[in-house]
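What follows is chain A paired twice: with chain B in the first complex and chain C in the second.
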Partner chain A sequence: MNGSARLGVYGALVLLCLVLFVAALCVGPVPLSPFDLPHLLYARDTEALGLIIYEIRLPRAVLATLVGASLGLSGAALQGLTRNPLAEPGIIGISGCAALCAVIAFYTGFAALNIWTLPAAGMLGALGAVAGLYLLAGSRARIVTLILAGVALNSLAGALTTLVLNLTPNPFAAYEIFFWLMGSLANRSFDHVWMVLPFVSLGGVLLLASGRGLDALSLGDDVALSLGVDLRRLRAYVIVGSALAVGSVVAVSGVIGFVGLVVPHILRPLVHHRPGALLGISALGGAALTLAADLGTRFALSNGELRLGVVTALIGAPFFMHLVVRNRSPR
Partner chain B sequence: MSWLPPCANAAAAPERLPANVDRRCGAAGRGKAGLPSTAAMAAASPVTPPRRQRRHGTAVLLATAVFAIAQAAAAPPQRIASLNLCTDSMLFELVDDRRIASVTTLSRDPNLSHFAERAAHRHVNHGAVEEILFTAPDLVIGDRQLAPQTARLLRRLDLPLLQFDHANTFDEYAANLGRLAAAIGAEMQAASILASLHHALGDGPAGVSAAAPRAIIYQPNGYTPGTATLMHDILRHAGLRDIADELGLAFGGFITLEQLIMARPEILIFSARRTSAPSLAEQQLRHPVLRRARALAAPTTVARIPEHLWTCAGLFSVAAIRALEVHAP
Partner chain C sequence: MNLLEAHRITFERGGQRVLENIDLALAEGQFLGIIGPNGAGKTSLLRILAGLEAPSGGQVLCAGEPLASMAAARRARHLGYHAQNPELHWSLRVSDILRLGRVPHQGALLRHDQADNAAIARAVAMTGLGPLLKRRGDSLSGGELARVHIARLLAGEHRVLLADEPIANLDPRFQIDVMNLLRQHAAQGGANVVVLHDLAIAARFCDALILMDQGRVHAAGTPAEVLTSTHLSTVFGVGGDYWQLSGIPAALDLREPLEAERRRARSAASRSASD
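And then the complex of A and B:
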């Protein structure tokens, strides 16, 4: 793939993200024109509408971007590392375990100690999930084994999340199960953005840095070794990077599935199946998909919003089925 | 009257009834709590008079029977079980603890119930009929919304049930309290409570002036109670304009933070809880935009009303009016 074509893909995705970002600021219970945005962002101390844009919709759009980029990037990297097209933080249980630990931290009151406790719990859960996967499936698992281990981890994490919520004394817990299992960005604030920004950045750097190694790995372990790739370091980069980025965002948004699965699959042909080149554009694609899905939640119902995870699942599950059917046919 | 003890029915088909119901019914007829008693019942029963009375003839028998029935009708139920937080509350207002067979478990929640301390020393139920039977009440009270299967089961067991419509105004509360008092012979207490209530409320809200500050009640998850609720009635009595009115919320609904900011309330009212557990629902009430909104051109005052004062209506709800009145002109 030559430089200008690659630049074209990047440019188109950046443009798409920008359009969706602006739409995210304009669409809501109080609709407004994009041309009013600059003035309103400036007038946030004097006008109610400015306050809404700045304190409610802006952090939400930023968070959608960060969440989507983390999931897309992590999905692409995990698929490269495992050479498994179904590896995705949601499917293999990383998101579910991150949510479980975040739930424990939140409802026991630990998360109130300081702003880092909640994302830290999410990251701990994500790392725990990876450890669990290695224990269950081994480091060189076949596709089916990895997915089975993921299903098991996911079910366990989902059940424990529900159990923990049932045990908490707050009267709204039953309702809040939906948030953690299906994800949402409603009513998030800049507090949440600051909470995840450092970890998403650090995780993103680690994941992007694994690009060259993943390219080499796609040619086989031996070739990668002969090209001077340190496989242990590569694995550490992808795992720790995913845990930082995905673990922290799940702690503030709940589990949002399928983004890390759908995005790399759609974009892969554009970079001629090179896992390294897929990373950057998957981050952009993930951001675009999540921004779009989050817009979708606002249109759906007259009373309240759809959960973000519901929208991504509505898009992602049929896609997943398509992958299953394609894998079924003899090669 | 639907709550009258059905001893006559019980006597009509005693064989089919379980022993415990029989016993309970005996207690109802005699107006004594928890007497164990087939023996007691036999002694009191007009149906089985002692043999030696026979010779005085039917007249005496009839007179005894009529007297016993009249007594049964006149003696109010002595042990009352309640299946709803708000009927719990009325019961606590009207009678001594020893007449309370059981109340709902919600009544022990200091956030919801004004009588949590008293409820701590009573039996509690979770709405299950077997819990009610265990405490042997002679009257069960509950909300009109009581699960139909529960009402049906109570009827089958011949437990008198008295249902109340949820009180959404002080007037409805006064009507409910009067009705319950009449049923359990607590008219004096009710009269005194209603006199105090009338004294506190005056002749009702004079009509909220256009100059009155605009207020909104904002609860966890962004829930705002509607105009057909007690909380709205409390706002009216306090002389505040309820934004729920402008938003056309009759029974309440969820108001997003954006809608809340656009409504530009002058008074933002939260329910204060005595205990608090972390929840996303309450996190919404701490969103930074609400802090910033208070600094906007028309500053918003925040008032916090203890939740137990206005979850159910009672004489104690007057305290909520007093707390809000200070914000009215």
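And then the complex of A and C:
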């Protein structure tokens, strides 16, 4: 793709994110006009409207952007690494292990100590998943072995999560865990933003730096190696980058599925299927989808909110089925 | 100095000896063919020569420098590799596949400069891929895609090309075309090591052949020395009539005009170099 077409795609996605971000600040139980936003943001009003913006909607919108960008970016990178369009942070066990550790934090009561324990547990789980992957598959593993190790790890994390739910003596605690697992961005503050920002940034840099290697990998491991790509480093960048970015966001948002799967799928044709070029726009696309889905949660039920993970799954699963049916017919 | 040398290469996989004491030397301008039955270790040898796998014993020298201690990017500029069954994941466009051939020449910032475009344009002209540039790789026929992989290899402007059965999927005309392209690459100051199954093609195009059997070099030398009825019946277990049927004698007869042509090309190259 030539430079101007690529800029066009980037421009359109940035614009979409901006529109959705503004909408995320305006939509809610107290509707605000986009034209009042500059005044409210600038004045740092301590009255009710200012509080709504700074304490509730702005951190939520920023988190939606970070969560979506992390999921989209790491989905695109993992698909490039495994050369499998079905790969996403969930498939290699990162989300699952992060969720497991967060659930253990709930169960043991550590989560109630302060707001840092839960995210710390999530990241611990994600890094544990990476260590587990390397232990299971070895550092020179072939990609298929890596995926199998991830699937095994994911099933184990799922089973242990269910076990914890099973053992929870207090039904309210089980309820809390259950809802947390559905994923949500409600009632998050700027503390959460500052908490995930360094990890998302570091992970994002690692993932974005792997573009050229992922491009070369389209021609197979051997040819990529012969072109001078360091496959071990590339794998480490993508997996550790995903663990940092996704592990930290899972810890504050719970499990939000399908974003990492669907976004690269939709955007891939726009960059002529080049895995490297897909990275940046998948981050933007993931941010847009998550902002939109989080807006969707506010329109629903009269008795509270839909959960974000439920909305992304409701959007994502039918879309995925559509992809399956489309790919079934001969090209 | 030889562009590529292998000294007493041995290689074991899963406790089994795959290669044993292989020596070879590749001089500038040389076109070396590796032949032998399936499982003789041809692909393993080529992967070791390309630096994709470390030998269990012995060493490979790339322009006098140990391959094992060479920086990946420098090795990649020097040695180009064509896999036995070239893979293509994602439906990349032909032009994007060719750009990947330039990866070893690009710095950290991935700047695609004039030299890259010129190298790609030359590879496109040589392989006649112009009309296919905007097509998706997965919409091409097997033969067209094989040419794209060859063009990707040529676009890399490597000094030494290591190709594992580069003509396996091609019809006779493109087989000849690809072999001519490789020969041209050798004549212009490069060199090739090519694994081949078509013995008549090997007889016609290669300067030197290595006949491998069970991980060892069974015979090495000029095509006429290696492709004898006796060697072939020992290694491939085929009768003497195969030698006649294979077209090897006719191919060997074709070599004389080829040698003359090569001498002309070489003197033309040295003339243009001195200009």
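We adopt the following convention: the second predicted complex is superposed on the first by the 256 of 331 C-alpha atoms of A that agree within 3 Å, B and C clash if a C-alpha of one lies under 4 Å from a C-alpha of the other, contacts with A are read in each partner's own complex, and residues count from 1 in each chain.
Throughout what follows, a residue touches a chain if its C-beta (ideal position, glycine included) is under 8 Å from a C-beta of that chain, and two chains touch if they have at least 3 such contacts.
None of the values given here were measured: they were computed from a predicted structure.
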First, second, both or neither for A:D215, with chain B first and chain C second: second
Taking the superposition on A as described, I'd like to know which of chain B and chain C A:V30 touches: first, second, both or neither. first
A:H272 contacts which: chain B (first), chain C (second), both, neither? second
See if chain A has more residues touched by chain B or by chain C, and give me that chain. B
Would you sort A:V229 into first (chain B), second (chain C), both or neither based on which partner it touches? second
In the complex, chain A touches chain B at residues 28-30, 44-49, 51-52, 55-56, 106-109, 111-112, 168-173, 175-176, 179, 186-187, 189-191, 303-304
Considering only the defined contacts, which chain A positions touch chain C in the complex? 83, 211-212, 215-220, 222-223, 225-230, 268, 272-275
Going by the contact rule set out above, which residues of chain C touch chain A in the complex? 47, 50-52, 72-73, 75-77, 79-83, 86-93, 96-97, 100-101, 103-104, 106, 110, 136, 149, 152, 156
Using the touch definition up top, name the residues of chain B that touch chain A in the complex. 220-222, 253-254, 256-259, 261-262, 264, 275, 277-284, 287-289, 292-293, 295-297
